[in-house]
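Here come two complexes built around chain A, the first alongside chain B, the second alongside chain C.
And then the complex of A and B:
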């Protein structure tokens, strides 16, 4: 296979991994809460800003020069902070719409997304401007005549690892069992001495922390981050989760592979591909939903009469 | 038959002096509040007016009896209420002290009122999520602008053509709605909106990201809409032309809304909202009525788009993004689903608030979003909740 194809296959896998990290959050939250957390993309994109701020703070105090250690520490801090922001978003806003019609929750979380974007813009110094974001791993591997950035391999590896961890947590730990119990029936779960509000907080933390990893990778992949990147990241992650089938983790991954696939394909083959990539990605979304109205792996809703 | 039933409602109670006083008080008070709000630059006065507005609704929240009394007054003296309302709308530009900025805000607010009413057919009446109203708005605007610039077609002819083209797209968008539902349908409309926005951004014949410039203003009987109106020795800024055009459009949208609400179409939409399956069992053609909701929404939104294009004479894809659709949706929900007056008030509030909060400069988007969230939490039924249908004999 020639280098061009390999290069694009690599891009495809990296993009899918990033999208999947965000899509998994959407799917997890919908599965448990039956709520579309539309500001999930914006919550996730807070992470790169926390990384930048922490790195600067560390350079100013503990580490005299930019070392890899500072970056790792900053990423860890960002993941925890963003996880907590997710919990906070639920506690302040989203939990008040548990019993409201789905559209109200959707509009409220869209407004919440605007709040988060505006807060990033205001709190971060000169937040309106795009910020350069460091490449997490600069090293490149030479395999034959092909240059593979270690960063790409790292992104793919971390995403796959996160998927496995999420799967194990959801299927084989007491916490995952509780989360699934609450998703199944909130009231019965309460009778079983499970506190739904704690489970919601835990779910929001997990989803937002995984999204934060996606946000950091997204910024690092693009090399730049701006306060409103969350809209596009959120829309693509949401679309991936929906066309895969909301509530299904495999679906979220499949949806990400599909959307990233058409994204890479269009950019690689069309002359003006970069400007038409969103057109084709969202045409694919419409096409999939016309064929499979509840997503590819979504459960068909049976209605009782 | 429907007019017959509404006449019974009218005759249910004769209008008393108290009714007329309530109506005059509310309409003139509302107009006065809006006028002060538009004309002042003092942020303290703006906050005070908002407080008065909020206090009014807090009062309604605490004492629902007041709301019922007002509604019954408007029912009893509907003709007088409409007459006074029409006079207020006609005279309003003369009260704006020749401020073209205030008139500009009114034009934009009225166009958004039309868009919100358009969406209300779907979201309010039938509970079909649609995040593509902004796209229909854009299709209408681009269609009429391209016809006017490239082919020199008169504005009055582009208006119906643009509406028909957008209606066609509305039907196309309604097609997937036959099978998808709720969140999945919401995503289809989001995707449609993004595709339209991206295509407008990329095609060379739509001017790409730069958009279209120099859209000619309409003329009527030799009077160009860019010229000021001179009437009774008063001189109104040129925006007044579009103010009256937009007001006519709002009136058209209100008439459509009322007629459709009272017709079997509106009933069918309400039935869909309550229970789709039950509606189907009653012999309602669910698919047809859903597609129709999309088409009506696109039709009215395209009207608003045409007027907008002619008014600002410059359009770009960024006027018609996903966030515009979300704003329109917020207007409907904040105003009150399936309540014509509520939706209009919601549109005015959400158009004027960000403009008037310019004093908070960078913080205004944050403010507006926080207000919207608080609003959804505190008064989830909207400013004016939907009222049960009444067929006389209260």
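And then the complex of A and C:
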């Protein structure tokens, strides 16, 4: 296969992986809580800012210069911090809409997203401006004509790993069983001595921490990060989850592959396709929703009466 | 009823006595009428460096006028357009609705300028563009609008000739943004480069805010272009250049002044090395040197940007016109600006029939070397 096709395949897989990390969070939260957490993208994009701030703090104190160690430590810190921000978002805002129609939480989280963006802008020094974000792994492999950044392979590997871990956690651990029990029926779960509020907190932590990895990858892949990148990341992650079927983990992955696929395909093959890449991506969303409103792998949503 | 009336008259009496008390104090010091001049530019967002430098040029000119024996007491009103047309129009409306604002200068981004000039036109407020370079801005020939910077045509023409001859590029791939500025650049460069005997391999326009150029770059790599022409601005230029290197596409990136900015080097990092842009050659004249010195002495928080001198000049043109014609007749003021022959930091500025500056542009090529923009040796 020639280098052109290979390079495009590579672009596609990396983009899909990043989108999937965000889409999984949407799906998980919808599956468990029946909540569309529209600020999930904004929560996720906080992560690269935490990384940048932590790296600077580490360089100022513990490490004499920018070392890989500082970056790894900063990423770990960011994942935990953003996980907690997710829990906080639930505790402050979303939990108040547990018994309200799903639409209420959706609108509330749209507003919450704006709050998060403006907070990044205010708190981070010169927060309006784009910040250069380091490439997590600089090394590149040359295979014939093809340049393969090790970072791209790393993104794909981590995403696949996260999917497996999530699957195992959900299917084969006591925590996963409790999460699924709460998703099934909150009241019955309570009768079985499961505290739903703890399960909600755990779910928000997991979804936001996975989203944080997606956010860090997104920033590192672009090479810059800006306070409002969460809008597009969230929109695309959400669309991927919707196409695949909200609530289905496999669906989120499939949806990400499809959205990133059409994005890459349009740019690679159509003349001037780049101008319309998002148009085609969202046309796909409309197309799937018209044919199968619950998404490709989605269960039919029953209106609770 | 009686109660409110009493309260009102009481307030009026108070206000009256206050103003009576204030007037002698004002007259005692210096009886200058206060006027405001407006500035709009990107002072936040990806192009903020350009806007901040220009803002300082604007404030510097005003401070100098106030320190001098200028007939009015001038206050500068600085508003942010964040490179966003909507925000820009909001700022423009704020200026035209303020009766104290006499005239304004503005904009680094052409799409923003194109959105706001109808507002200034309706309000008949004289407006000088200090940074936006789309030809469409002065093509409309709005009587209030003039511009002190050359258009993008003036920068693209020599660049295209240089690319065809000195750089020796035969096939160039164009990447640009979908704004008026981006498409204007793409069209202008396409025409000039094909006229110069080159060929345009592909044209890809991406919306402002794009963060992933890999698919387009992969296509360009496959097609085997000799160089990439980028027609957008700083943030996207930085991202593009970084990803170009990452994807292993080892061809030069060229462009015009739109990303001639230290921020571009910060964003692209080491990948920025070798990027080339055309930029109006630095003239050296005593006035310009004086401005550089004054700028440094003023102690602004931000360093001078390439557009500082344009904003400084635009402000001085406004101040000179206001000194000559006064502030009451806006139409006469606009006319005075157009008819002016202004000796300043840019040389002798005169405007053509469309309000476009007639100062000839001599363009030189700037290249990133050792993490800095330097002038390319001929």
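The definition used in the following text is that the second predicted complex is superposed on the first by the 300 of 305 C-alpha atoms of A that agree within 3 Å, B and C clash if a C-alpha of one lies under 4 Å from a C-alpha of the other, contacts with A are read in each partner's own complex, and residues count from 1 in each chain.
Rule of thumb we're sticking to: contacts are C-beta pairs under 8 Å (C-beta built on N, C-alpha and C of every residue); 3 or more make two chains touch, one makes a residue touch a chain.
Everything numeric in this text was worked out from a predicted model, so none of it was measured.
Trainee: In the superposed arrangement, does A:3 touch chain B (first), chain C (second), both or neither?
Mentor: A:3: touches chain C, not chain B.
Trainee: Would you mind checking which one, chain B or chain C, touches more residues on chain A?
Mentor: Counted on chain A, the partner with more touching residues turns out to be B.
Trainee: Have a look at where A:93 lands relative to chain B and chain C in the superposition and call it first, second, both or neither.
Mentor: first
Trainee: Who does A:272 touch here: chain B (first), chain C (second), both, or neither?
Mentor: Touch status of A:272: both partners.
Trainee: With the touch criterion stated at the top, can you tell me which chain A residues are shared between the chain B interface and the chain C interface?
Mentor: 272, 275, 278
Trainee: Using the touch rule from the top, collect the residues of chain A that touch chain C in their complex.
Mentor: On the chain A side, the touching residues are 3-4, 7-8, 11, 15, 126, 128-130, 132, 135, 140, 142, 146-147, 149, 218, 221-224, 226, 229, 232, 263-264, 267-268, 271-275, 277-278.
Trainee: Within their complex, state which residues of chain C touch chain A.
Mentor: Listed in rising order, the residues are 44-46, 48, 82, 178, 202-207, 209-212, 214-216, 218-219, 221-222, 235, 238-239, 242-243, 246-248, 263, 266-269.
Trainee: For chain B, which residues are in contact with chain A within the complex?
Mentor: Where chain B meets chain A, its residues are 123, 127, 129, 175-176, 179-184, 186-188, 190-192, 194-195, 198-199, 201-202, 277, 322-323, 326, 329-330, 333, 362-363, 365-366, 368-370, 372-373, 376-377, 380.
Trainee: Give the list of chain A residues in touch with chain B in this complex.
Mentor: That would be residues 30, 36, 93, 96-97, 100-104, 106-108, 110-112, 114-115, 118-119, 121-122, 231, 235, 238-239, 242-243, 246, 272, 275-276, 278-279, 282-283, 285-286, 289-290, 293-295, 301, 303, 305 of chain A.
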